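Structures given as structure tokens follow.
Shared chain: chain A. Partners: chain B in the first complex, chain C in the second.
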Partner chain A sequence: MSAQGPAPRQGSTTVGASLACRRVSFSYSEGGASVPALRDVSFSVPAGDAMALIGASGSGKSTLLQVIRGLDEPEAGAVVLDGVEPGAAGYAERQREVGLVFQTPEVQLFAATAREDVAFGPRRLGWSEPDVADAVARAFELVGLPQAVYADRHPYSLSGGEARRLALAGALAMRPRLVLLDEPFVSLDPGSRRDLVAILERLRADGITLLLVTHDVDLAWRLCEQRLVLAEGRVAAAGLWDFAGDDARLLAANRLREPFLVELWRRLAYAPGQAPRTLEEAAKALA
Partner chain B sequence: MGREGRAAEGPPAPLAVEASATRRGAAGARRCAKLPHGMDPSAADRSAPLIDIAGLRFRYPGAREDALADFDLQIGEGEFLVVVGANGSGKSTLARLLGGLDKPTSARHALGCGRDLLTDQGRVDVRRDVGVLFQNPDNQLVAQCVEEDIAFGLENLGWSAVDMRRRVDEMLTRFQLEDLRHREPHLLSGGQKQRTALAGVLAVPRRVLVLDEPTAMLDAVGRDDVLAAVSELHAEGLAIVLITQEMDEVVGADRVIALERGTVVFEGTAAELFADIDLVVRLRLGLPAPGALAVALGERGRLLPRLPLTIGELLEELASPP
Partner chain C sequence: MRATIAQYYPGTSPIHRLDPRAKFVAVTAMAVALFLRDSFAGLAVFAAAAALAYGLSRVPIAWFWRAFRPLLWLVGLTFLAQLLFAPGDAFFSLGFLHLSWRGIELAAYLSLRLVVLVLIGSVLTLTTPPMALTDGLVWLGRPLRRLRVPTDELALIVTIALRFIPTLLAEFDTIMRAQRARGVDFHRGGLRQRVRNLQPVLVPLFVVSFRRADDLALAMEARCYRPGIARTRLHPLRAGWADVALLATTTVVIAAGLLL
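And now, the complex of A and B:
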């Protein structure tokens, strides 16, 4: 993005940015020792696709998001964004087009009003005030918080679900082309989860690329055509789901169970690889 | 989940017995903190509810609305109560009040294990009897290694080194943490952290355990571990209050309350709650996936005889002739 305003889209063929990690390694230091968190991580997500990033706690999922966003520098390997290599012209802009939504991001809300909170990112990017206002309006709309109702509220006066959506609006206001989400469903009530699923489905429909860390395999299966399984910082599997193959065992080995609809299909003696993604599709097939 | 009346029969709860034997003295015998369920010498005390709250109101400083209002709740010995409700409906506030961590703004009465929650001393005393486990174990682990963390509460209560050693060893065995006893808590997996936090809460003998979304941050295995531990504790007679957003954790509960804007708007079994779809939607809850699928099937004209809440029940219903 330039100081003049939001970057025009005509430079890229798609709204979403592709992502590729090439042999990325990262360690953090722990009491003087170096603890490897990511080892030789390679995978790619085509522009506009959604990938679920799954694995046991401590497998490196959050670290990987930080490295992709550029908050941590990989020790080895490269994060290629939209086909642009690190160090190449335009890489910094591509990095700014990556939105990262932290785990329980609502704790990071800080401004006096919801509007100011969402406007913070676009202002920091140096956008003009009309552009900021535009971006803020669109972000409120995207996350389903009517601006007239919420813009002047204090962030702390919002419910947990509303605060989570406001934090997401803050990331979306910067018009990211790749959105990284770290356990966005945790501690939301079921109604707020349904709202968030609808928001993410809308981002997908808009062509934005998603990388979604979640231990909710049902929602991972519903929202993402691809999965990346991390185990102790290494890639255990990357690419399209494969329940016709080894995925059920792979999930079990990583402290997760298979999605409800996959289990149902298997137990009904249908092909688990053909399991539907949504309850509606399942109902249609079974009615 | 959700059995009741275990306290009055069968052997007393090992967790409480051990601790009580350690701690009981002439003075201690009169205090409910020291007594396991079923061993209370006073019949009157035994029949009285552990938690007895009526007309309670709570408002956070500076807030414009009450977080809890007109709130009534009774919990008996050995009960398993599940609490559901939307974000902001007052569930976590309830956990803090039950644990004596916040002061009710007002109440007709508010008793926890016989302590008056409206008084400063009552709230200090109730913290011994009512343990609270919160969602994020990172906020609850304080020590440099697992066993120190488990000993933390006992140390504050002035237990002798010998008693403390024995109690900590029991807890390590109990929660399968022996191999991790010298590990730094922040290097554990989420499930291990939460088991460590639970061991620390229960090292102090409790009569009520309040769990505030204890599995929200855990993977499937970690979640199963914590739920299995809770279920075992309940089977031994500990009263449990489980606050959750996971609808499949509600299935099978004998007693569920649902909160809406700080008030109890439903009380009944899990099956009764899920049968009232309009209420479930209004409260921003959901059905467990098998139930939601059954509803979607019904909308397409295939009505199942019963609302299934588990995948096993769903498969049975699907197999039954239309």
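And now, the complex of A and C:
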């Protein structure tokens, strides 16, 4: 593409964007009837933080991601990106800085080579070829796929875990400042999960803001300091995890369980000085 | 994005409970009869019968309207074509356009026929689940088996295709959204650009469909499906007195429509 668009932001560290939803509502129309999916959803994520979006199936998690990315217009309320209100100058640009990674994103791969697929987004942004090449190289590196090995391979010849990482690279090549991930761990083998966790930890270290939909509370807790619990399209809780408080009840009410470590601590319920220090002691304490 | 024309409206009305074979035969016979004779009285009989069937089906009028609306322009267009180009003694002419009483009459016939046709077709598809309709067609196509037409296999293909239309539409929608998130604007650019924009949607859609077809074939084999072997049905079709009544009524309606 010859058209020169705005150059991507320079520098190796990308600073994350903040996100705030203010009383966002959205309904689907189904057979003439309107089915509410999100009702009065309000929460905020400071720049560079990570928030886990959890809730039972059908609670509106995926819909919320689509609305934040602007693929669906909210019926009421506003999605404020990096402090910019919708309709204000620069909002469309902020929306382009939101990366959305769909569930099983590998089904979107379509180009003849891995490199072309990753370059697709940056080219749509109208970047110059050197900028595109730069962004592609960085994205391959971020997801841990060496360009020398993978760039010329056909996307459909990759393994499941590799294809998912390639799809993620396609989103990261657009240098997003806020990344929305819809159940990125689904149907990955343990090795690929570990790789993906490492990638997300790296994004966090770079300062990118994350919103992560997952049913895996262990990973949610490990990767995110905040959680947003959705129940039937409403916010049941938003903010920092609170295991000493209401989280156990909240998670159970939404068909989830506490992180394994939290559960372990609860079951050990130790008094000071009596904490098991060896596997044998732990086994006795848990028996 | 939904296919409105063949949509099923779940219900338990007398029309819903009729045998799909009887409904199909009645609708086909009436559709043919509709075009046999030019007579307003006859068409009125067909229209009344169609309206009665629709009323008995207890399907909300909005559903019929949704099926009908896309065809409105077709009805309008044929009306205009008949009106302006039909032979007859013109009482008003403008260039090559001629208005004649005969033209108005023909245009009215044709529009009425189309409306009645859509109405009875809608009653059939709105009150009959696609699978039941397929089963009915297989039964009606039985004589073809003597000619070595693989009717059961064809029916299975149609059934599977119908079953996967909503799935594919949902898949199509998801992939469109995913590519929009990657910066594709499906509504901008010239024709060339728009066609090119479809590539990132169609390639994944085909790949997903082929994989799904593979999986489905394996799953069917795992459940011992073999072509050419007669299968029994979970819900065998059963015709009753209501179906006999339907066919009798249809015969009377068609006779009246053709004689009046």
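What we mean here is this: the second predicted complex is superposed on the first by the 255 of 287 C-alpha atoms of A that agree within 3 Å, B and C clash if a C-alpha of one lies under 4 Å from a C-alpha of the other, contacts with A are read in each partner's own complex, and residues count from 1 in each chain.
The working rule: contacts are C-beta pairs under 8 Å (C-beta built on N, C-alpha and C of every residue); 3 or more make two chains touch, one makes a residue touch a chain.
Since this is a predicted model, take the numbers as computed values, not measurements.
Undergrad: If chain A is used to align the two complexes, do chain B and chain C fit next to each other or clash?
TA: Once both complexes are aligned on chain A, chain B and chain C clash.
Undergrad: So in the superposed three-chain picture, is A:Arg39 touching just chain B, just chain C, both, or none of them (first/second/both/neither)?
TA: neither
Undergrad: Given the touch rule stated above, what does A:Arg165 touch, chain B (first), chain C (second), both, or neither?
TA: In the superposed model, A:Arg165 contacts neither chain B nor chain C.
Undergrad: One more residue to check, A:Arg222. First (chain B), second (chain C), both or neither?
TA: Neither partner.
Undergrad: Quick check on the superposed pair: does A:Lys61 touch chain B, chain C, both, or neither? Answer first, second, both or neither.
TA: neither
Undergrad: Taking the superposition as given, does A:Arg204 touch the first partner, chain B, the second, chain C, both, or neither?
TA: A:Arg204: touches no partner chain.
Undergrad: After lining up the shared chain so the two structures overlap, which partner does A:Leu256 touch, if you call chain B first and chain C second: first, second, both or neither?
TA: A:Leu256: touches chain B, not chain C.
Undergrad: Among the partners chain B and chain C, which is in contact with a greater number of residues of chain A?
TA: The larger set of chain A residues in touch belongs to B.
Undergrad: Where does A:Arg115 make contact in the superposed view: on chain B (first), on chain C (second), on both, or on neither?
TA: neither
Undergrad: Run through 4-12, 40-48 or 94-102 for chain B and report the one that clashes with chain C in the overlay.
TA: 94-102
Undergrad: Touching chain B and also chain C: which chain A residues?
TA: On chain A, the chain B and chain C contacts do not overlap at all.
Undergrad: Per the contact definition, I'd like the list of chain C residues that touch chain A in the complex.
TA: 62, 66, 171, 174-175, 177-184, 199-201, 203-204, 207-208
Undergrad: Residue numbers of chain A touching chain B in their complex, please.
TA: Touching chain B from chain A are residues 30, 56-58, 159-161, 183, 186-194, 215, 217-218, 254-257, 260-261, 263-264, 267-268, 279-280, 282-284, 286-287.
Undergrad: What part of chain B is in contact with chain A in the complex they form?
TA: Contact set of chain B toward chain A: 85-88, 135, 187, 189-191, 213, 216-222, 245, 247, 281, 283-286, 289-290, 292-293, 296-297, 299-302, 311, 314-315, 318.
Undergrad: Can you list the residues on chain A that touch chain C in the complex?
TA: 32, 66, 69, 71, 96, 99-100, 102, 105, 107-111, 120-121, 124-125, 156, 170-171, 174
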